[in-house]
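Got some structures for you, see below.
Next come two complexes, and both contain chain A; in the first it sits with chain B, in the second with chain C.
Right, the complex of A and B next:
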């Protein structure tokens, strides 16, 4: 097992700058997630570590040893891809044993058997060993592909969207299983995904990648609660965070945010907090983008003290709960999303009254879209530490 | 008034059941369905369950083996598809590439010989509804998937059909676009109030769009009801496990009687859950069945909880919510919590179950075992 470092790695494909100075360090035995939209450069980073892609600049190091010029075969990395690439004519057992039987790793059959059975146990497929790939479901195929990577005790596992092929239900249950296996793996793992739930659930740390650059590195709590910019905030969470451009009114005795809803102006006080108020005063903030997650928007179908009025745009189930969108624009459409239970009787275009839990807002700079401040940063750091301690 | 009525509808493909000896060689078997005028009905089921076959029979693209189809009050069994007054929107858009969006939308009406001004009025009327007003001059190749599907639907509804049929219209689109289109379709159907039959294998789509859902498996209707009915009151194990994400926890159980109180017990597990009183009339000591409960209805009890202490096997923090998995025998029982607390593998929690939300299923047939009053 190894510590992986990338230092200022650059790579371009023709005119496209795929990686633009990526620096990161994956600790020994860490489960490290590379997360970002399609085309961000996640897979290219993985390929640089595997040695399939040569960086034009920068270093790739395993345990402080520079690997740039080492063959992929001699880096001892194990890759798992989205498509499973199993040998169709071999049984599951032989598929898993194939790497150990190759010239490079030549191992005797008793040892192979021991390793395959061990990996099969972790991946929960002891009863599948005699089957051919054609007799497996997609979820089982992916488990075989992972098991095959496992038997080699590599320096690092590189997993490239291993669950992306599977349908939603299977993906969720495989993710849970993977989480369960993670503790038994005990090895460094770099995992590429564009699914925020996979990133949140699996990653000890997450690196957010966009346009070939690292945007933010942090634990799932840090990234979810203190996203470094609006882009990151919008990637995390489904339904997406609401971001509203507002004016800041008042002075240090009481600030509030003011923004248009339909043709009215709504003014909501920002709860008093020395740290948040200091930031607003010192930076002299006049305009702000404030983000509020859907679960922090409360609603009522009757007028209520402290609630402002708008209309229902849509009401949709997203599984175990539903999302209400409320139309808040006038000429331009713009909707606020909030969480509601399933099975409500909601008329489209009927009146709805909203309240924000203002102590959950995140303030962003409206120009640069970067994070400014939020309430209770210390509490979030404590949550993050709690998770880190649990994973250790 | 009924918008669409299916009576004892059967479909058997000529070649089915010959090669493989399968139990049920009907693609659709004894399907009875009544959709009210203006209702949005989803046909939902796994692939190969017969939902598309049903839709194609309604459209007249597939011959009926037996049964009757009424659109409104009209028996349409022997009508040509073009005389059935239906609008169709399929998964792939099948647009005429040499025509611009306007031409594509207007095509049907032109073919019918509707006069030019009337066509123009209709196209311009429907364009803002489908949010394609800016696209009318564009060629199909220039459109994104979502835009193409909007044009496709506009084309289906411009004829003002009595019945709108849609077959997985969103499955080509990626996640975000699909969600946005789902909202748009819902608002649109709400406005035009056209009876709609919508085929999908995505339970989320069915739950969020439909007034009523018909759940089909192996060609047989499992349940027909509102989204709330099928979610809260599933007819059988198949419906219970198909609807909802993450799916309902369904566990085999043996019921035991301890001093007059019944408990659910599980193989290779110490977990015991009190049987809700309402089931007392149907259970007995040693009674075996399956018990189902949704992840939202399993709770983490507080300090003074009487719940069964269980060890956490998996803990996933998903930001918006947290999911906890607990081993019950070799099954992972899932629960969802919005509590901010961070647990770890190996922590002990007190497990509580909302008794009123449990369902019992027959161990062999999967049919719901209902309490008797």
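Right, the complex of A and C next:
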């Protein structure tokens, strides 16, 4: 097991800058999630750590030892590839045993058998051991790929979307299994995903990556509640956070935000919060983007005190709940998303009345899109410190 | 149930195929028949004759025919062997690495097969004379690379391209060195393509006529050229000629029959869908 450090790692493929100065440190025995949209450079980071890709600049260190010039075989890492990369001519058993049969990691056959059967049991595929990869479904291949990594005791597990092709039920059970296993094995694990639920559930810490750069590193709570910019805020959470550009009115005795909805202007008071008010006053904010999560948008189909009127744009079920989108734009289309129970009789274009729980608002700079401040910042901070302490 | 129309089509199809089979096989059958005829009966066109093994005795026992066959085996086999040793790494490089003018190089290799042999054989003859390669095994094996190498490189390259590069990465991470990966992981995967293209290349090399005709004489005598020996200036021993042809055609036919299934699969299928 090892501590992994990347220092200012840069890598380009032709004209594409895949990694643009990535610096991160993965602690020993940490479950570290790399999260970002497609093409962000997540896989390239894993490849740099595995030694498959040579960074053009920067250092890759395992326990303070520079590994840049060590070839992949001698780094002792176990990797799960996104496209499985199983050896087609070998059975599942031989695939899983292959690392332990190499000259470098030679193990005797009894021990190999024990390990492979153990991994196969965890991956629920004892009945598949004699098959060839071509006789497996994608989900099964993915489990074999995982099993092939698990039989080893490497410096670090590198997992590239290892659950992406499993069906939902299996994915959930594997997710739980994986987290527990990692804790039991006491192994360092770097996990790439583009599913925010997976990232939130698994990661001791999460690194958000976009266009080859680290955007934010933090615990899942930190990233969810205090996203460092609008990009991160939108990435974490489904349905997406609502971000509205608004003007700030009033003075230090009572600020409010004002923004257009349809042809009218809605003004909502910002509840008193010392930190928020201080920041607004000191920075002299005039314009903000304020973000509000869908669960903090309340709705009513009857006019109510403190609610403003708009119309329903769509109503769709996402399983155990539904999402209502309300059309708020006039020339510029923008919709607000909110969570609703299933089975409502909602007609498109009918009137709907909305209220924001303003004490959950996150403020962003409309120019730079960076985080400014949010409500109950101190409380959130304390919470995430607490979880960090619990993890450590 | 088949409709009447479908059945008629089916019958027609088979009828046409039978006609084609007769058309294609008849010369071979006639050749075999002639090989059993005595010189006096060669020109009769009836199927009734007095079969004799005299021609076989003459060719196989009383001439150097075995030596010619051996020469053919050495030259064709050697050519294929060299092609494999040179071609497999070349195919790997063309499939995996990117370097300037890669596609041009690959196309140039393929283009060696386009040029008619007769076009290049005269300059080659003069070069070979000067270099002392004329009428030697090395010389013929070398020139046969024009026939066997492009075929092998292109087929095997396709196989390498079909193997996802992550398989190599996975094997590296598993602790294997490059050579171990190449022989343990990659060679088994390209084997169908390698075997079928090597055998096809062998048959092409075996059948080659122009190169050995011009570039060799007494010391190296592949069977394709040797057959002409039975065509004297004053008399033609058609019976013996037929024996020589029949026997020389046997290896190619046996190979083709043995690997028939793999030949089509190996040349047309991609390597693996892992």
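Everything below uses one rule, namely that the second predicted complex is superposed on the first by the 340 of 392 C-alpha atoms of A that agree within 3 Å, B and C clash if a C-alpha of one lies under 4 Å from a C-alpha of the other, contacts with A are read in each partner's own complex, and residues count from 1 in each chain.
In the analysis below, contacts are C-beta pairs under 8 Å (C-beta built on N, C-alpha and C of every residue); 3 or more make two chains touch, one makes a residue touch a chain.
Computed from a prediction, not measured in an experiment: that's the story for all the values here.
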item	value
Chain B versus chain C as contact partner of A:197, first or second or both or neither	first
Touched partner set for A:121, first chain B, second chain C, both or neither	neither
Which superposed partner A:133 touches (first chain B, second chain C, both, neither)	second
Partner chain(s) touched by A:172 [first = chain B, second = chain C, both, neither]	first
Which superposed partner A:88 touches (first chain B, second chain C, both, neither)	second
Which superposed partner A:319 touches (first chain B, second chain C, both, neither)	first
Chain A residues touched - chain C or chain B, whichever exceeds	B
Partner chain(s) touched by A:272 [first = chain B, second = chain C, both, neither]	neither
For the chain A and chain C complex, residues of the former touching the latter	47, 50-52, 71-79, 81, 83-89, 98-99, 102-105, 133-134, 148
Touching residues (chain side chain A, partner chain B) in the complex	168-169, 172-173, 175-177, 179-180, 183, 196-197, 200-201, 220-221, 224, 236-238, 293-295, 313-314, 316-322, 325, 339, 342-343, 348, 383, 386-387, 390-391
Footprint of chain A on chain B - complex, ascending	182-183, 186-187, 190, 202, 204, 207-209, 227-228, 231-232, 244-247, 294-296, 313-320, 323, 325, 332, 334, 336, 338, 340, 342-345
For the chain C and chain A complex, residues of the former touching the latter	164, 166-167, 169-177, 180, 185, 188-189, 272-274
